[in-house]
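Reviewing the structure listed below.
Every chain is named by a letter (A, B and C) in the order it is written, and numbering of its residues begins at 1.
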Amino acid sequence: MRGATHVKWAACAMAVALAATACGGDGDGGGSDAGAVLSASWGDPQNPLEPSNTNEVQGGKVLDMIFRGLKRYDPETGEAKDMLAERIETSDSQNFTVTVKDGWTFSNGEKVTAQSFVDAWNYGASLRNNQRNAYFFAYIEGYDQVHPEEGEQTADTLSGLKVTGDLTFTVKLTQKFSTFPDTLGYNAFAPLPRAFFDDHDAWVKKPVGNGPYLVDSYTRGSQMSLRRWDDYPGPDKAQNGGVDLKVYTDNNTAYTDLMAGNLDLVDDVPAAQLKNVKNDLGDRYLNTPAGIIQTLAFPFYDDAWNKPGSEKVRKGLSMAIDRGQITDTIFQKTRTPATDWTSPVLGEDGGYRAGLCGEACEYKPDEARKLIEEGGGLPGGRVTITFNADTGSHREWVNAVCNSINNALDDERACTANPVGTFADFRNEITDRKMTGPFRAGWQMDYPLIQNFLQPLYYTDASSNDGKWSNREFDDLVDRANQEADTAKAVGLFQQAEEVVRDNMAAIPLWYQNGSAGWSERLSDVKLNPFSVPVYEQIKVS
Amino acid sequence: MPDHQHEPERAIAGTGMGGTMDLGVDEAETLEKRPGVPDGRGPQEPPRSLWSDAWRDLRRNPVFIVSALVILFLLFISLWPSAIASGSPLKCDLSKAQQGSRSGHPFGFDGQGCDVYTRTVYGARTSVAVGVLATLGVAVLGSVLGALAGFFGGVWDSVLSRITDVFFAIPVVLGGLVLLSVITSNTVWPVIGFIVLLGWPQISRIARGSVITAKQNDYVQAARALGASTSRLMLRHIAPNAVAPVIVVATIALGTYIALEATLSYLGVGLKPPSVSWGIDISAASPYIRNAPHALLWPSGALAVTVLAFIMLGDAVRDALDPKLR
Amino acid sequence: MGRYVVRRLLQMIPVFIGATLLIFLMVNVMGDPIAGLCGERRCDPATAARLEREFGLDKPVWQQYLTYMGNVFTGDFGTAFNGQEVTELMSTAFPVTIRLTLIAILFEIVIGVTLGVVTGLRRGRPVDTGVLLLTLVVISVPTFVTGLLLQLLLGVKWGWIRPSVSSEAPFDELILPGLVLASVSLAYVTRLTRTSIAENRRSDYVRTAIAKGLPRHRVVVRHLLRNSLIPVVTFIGADIGFLMGGAIVTERIFNIHGVGYQLYQGILRQNTQTVVGFVTVLVLVFLVANLVVDLLYAVLDPRIRYA
């Protein structure tokens, strides 16, 4: 039976590829079948699928299907909208009162209460539980006791969290943070059922949440089957019967499988195949902006890159990169040359400002050469760009960036790509401060706020400030922006901070990354959210 | 091709990565053989005549001549690539990416807009360097350890043989991934060093086997009875007779090492830019197989021809050196 | 015979310890896995330190090794970084790879030996030269090129097979990956068999058999083939270990979730427990396969017996 379907889909895919004609379904002419299950590509999540322990996209995909938090980012606009939150009130931007909507349950029947949130957050913050996302709770009062920088923790629960009723709780922050409610759509803030705490091992084997899907079966490292939860109380019920997530090691294979009809949805079309997408898939392909920006960071702990004048060298390098040509040729326009340090998905009101970078982000080889000379030349006359070679299509663009720099500087050995075999080792070199030149730094937003594009990356000693850049002026502006209750004013202050980043060229912005997805004939209504994750529950299967 | 009738024999089996093929000899002391069991090696002749006979054979063997010519040509372009390619392999223009061949650029351009012809010519140097140097390292280390084990026997043999087993038991590709993933140097040395580290047991077993066989020959026993020193025995009497199988296996292994370099590059742990190698180009071009097959075809073709040349050379040399087949 | 086996088993102990120690050291050279574990964002120092303690990475290497081996002997291969027991990973990965290896070996035996016999009996004829050249070409093209090409042609262009293998990995889906995995060894088996057949064809016992007037196929199968298979069996025996551990490339191309895949993931994430655990089992397979091969000699060649 299974075999037969393969053959049929293979034949369809071939017919499409060869003659570009449509290939009908089983004769029902594309009417959707609410019970049908689709298959989608997936990557093996690195950590157990706990909400506060998942900090990469693949695990995030699942959490997005099986959990709903207080807020949810609108799949189209990215705006943080109330989901489980009835209301979140504050008078001083520091003390918040949260009221949870009534009527929500977990898929095992447990009620979602204020306690579900408080327990989950306490679990996530506690040092004992080794949660990778613990720092998301760092603004909440009492974090330094639950998660001290060293030594044993002196408290098990955050003193800033208080359950005040069945469905209400209060949050006290250590400082003013006006946009705090908007961060609550992030997975780390999801509620957890008692089952999670009572039998943790069983929960991790088969997670239970409160989202539109249930985990039906989970074979680690190979496949997860999710099915629609028919009693899901939320407004965004799944439009399909379920999703089978299949693990692929190589996104090229996933794409090949899509073409052969073995897979319905690929959400990361490999760079090498972008040129064929139109031919292979026709209009069954989507390419939308996502909250991802690629940059080149610099090792500011290395004096060669942190001396007077080296900002000119950095600016010169930036101007030696022909972003337009690289995004056109290597990425087939699935990236857009960056002109600031945020992302277009924020929108003008959210803080995105096209052209903030000015001519420093334009390709001007002559001026690039001049600037680098004025700045004292490249350290040692050479620059290496370090990246990890095991994931993504990094090799292609790093080579292209280097070739562009070499051509601009008219020295074919000026820039060398330096691949590091594994991501783990790449991270090691970064944390051990071993970088000697610019290195790949990608940023995928956690929540669509300009704060998230600046503070974690450029604030002194921030969690993702890999280059160890430090600037008083920038830090002050960010502090002031966080305390500002008026959103527009806060955004204005963040943009001022961003200008400081620009004037120092703390990192070279390369391009905004789009999310891309390709799908089979069976699917319709495929969308990607601003995090470049497919909106699975809206997909219709025929 | 008359000389193809000469049979490749078990030495070829020694080229499987990580396999142990040298049958029987390894556990020779535990095998109680009845007379007449073929031990895989014929009666020994005086070294001079063996080598000169072999050379006479080879000169008339078209397989040898063709492969030797190919190898000479490869050596030539490895040393002077600019003689036949005028451009620079590092000069790339993205606007020409994936374009096909045209005048002045017979092989077209790769995904980065680099000239495939120039890169293929320059790639020969790295690939040949990896092959030749790794083989030299493997051959020297392997034969020394193998000969020590075979000559002294006893505890020496047991210990060395077990060490050989240990290295044999590690899958090669796996070892490469682990060891090379942390190397940051962009020279060819880490790759060569790795191949030597995991490749020597193969030669070592063969060397040990042939030393044991040679040791038992009458003239060696006679020399020993006449009071020849250990080093003299080793160098004058045993080594010349034991070296032939090593040469044969090494030549064939050379080809497989070149292919191994490409596989390592495919897995992302091989050579690094600005090195220019076929492995790098093949792995870079393999995702683009549908749009720019030429960028994959030429370096793969060059690699295949090179490996082929070395394997055929090894085959021919073995045929010539095996007196039984004469 | 019994004494011989015991002796061989005893010899395995130092080899086993050496090989596991070697791989343990190699994986340790790869460095600190904690940074990769935390993703693009570094863990705060407190969490990193706790993780390090939890995985025993704060102890000296020799102590880590001893603890690890101690656990292995009680059947505890440790926990992967994603919280999964390594034994659980093995129980899903090994069946897949064993199936793949079986298919590969089947190809080696059926195609390799058949081609070897045919060419060995027809030396110098066009069929011999043709097959010989073909084997040379197969040996000289890297596996990943062969694999990608076949996948594109058979899986996508012509649509004959699935280009990748589903997570259940049934036998029929593993045919092409098995062939790709076997290709190089297949070429070696062909050449080995050919040599061996050609050599033995001239031997006295074959001549005797022919002189006795036995039918040709009986001479070939009962006398010639049986004796010629010894080197082939040796090769295939050693190849089992190589195929299982060397499937990294093939499993990656065809998205097979077997041993090679787990090893590759383990290496990328610098997951000592997974890598060492899998290699430990592979080393055992390798050693046992070698022993079985040596015992098979005695079956194939009655002139050999073990003291």
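Criterion: a residue touches a chain if its C-beta (ideal position, glycine included) is under 8 Å from a C-beta of that chain, and two chains touch if they have at least 3 such contacts.
Keep in mind that what you see is a predicted model, and the values were worked out from it rather than measured.
Between chain A and chain B, which partner chains are common?
Touching chain A as well as chain B, we find C.
Which chain's mean C-alpha position is nearest the mean C-alpha position of the whole protein set?
Central chain: C.
Could you put a whole-Å number on the gap between the CA centroids of chain A and chain B?
Using C-alpha averages as centres, the distance is 47 Å.
Could you work out how far the Cα centre of chain A sits from that of chain C, in whole Å?
Taking the mean C-alpha position of each chain, the two centres sit 39 Å apart.
Determine the centre-to-centre distance between chain B and chain C, using the mean Cα coordinates as centres, and give it in whole Å.
21
Mind pulling the residue numbers of chain A that touch at least two other chains?
Those would be 390, 422, 425.
At least two partner chains per residue is the criterion; list those residues in chain B.
Within chain B, the residues that touch at least two other chains are 177, 181-182, 290.
If I count partner chains per residue in chain C, which residues reach a count of at least 2?
30-31, 152, 252, 264, 267
Mind listing the chain A positions that touch chain C in their complex?
These residues of chain A touch chain C: 3, 6-7, 10-11, 13-14, 44-48, 55-56, 127-128, 130-132, 134-135, 147-150, 204, 219-223, 246-250, 253-254, 256-257, 259-260, 262, 390, 422-428, 430-432, 442-444, 456, 463-464, 466.
In their shared complex, at which residues does chain C touch chain B?
4, 7, 11, 14-15, 18-19, 22-23, 26-27, 29-31, 123-124, 128-129, 132, 136-137, 139-145, 148-149, 152, 184-185, 188, 191-192, 194-196, 198-199, 230-231, 234-235, 238-239, 241-242, 244-246, 248-249, 252, 263-264, 267, 275, 279, 282-283, 286-287, 290, 294, 297, 301, 303-307
Where on chain B is chain C touching in the complex?
1-2, 4-5, 7-10, 12-13, 15-21, 23-24, 27, 30-34, 36-37, 162-163, 165-175, 177-179, 181-182, 255-256, 259, 262-263, 266-267, 282-283, 286, 289-290, 296, 300, 303-308, 311-312
Provide the residue numbers of chain A that touch chain B in the complex, in ascending order.
Against chain B, chain A makes touches at 252, 270-273, 275-276, 322, 325-326, 329-330, 389-390, 395-396, 399-400, 402-404, 406-407, 412-413, 416-422, 425.
Please output the residues of chain C touching chain A within their complex, sorted ascending.
30-33, 35-47, 49-51, 54, 81-84, 88-89, 92, 151-152, 155-156, 159, 162-164, 166-167, 172, 252-255, 257, 261-262, 264-265, 267-270
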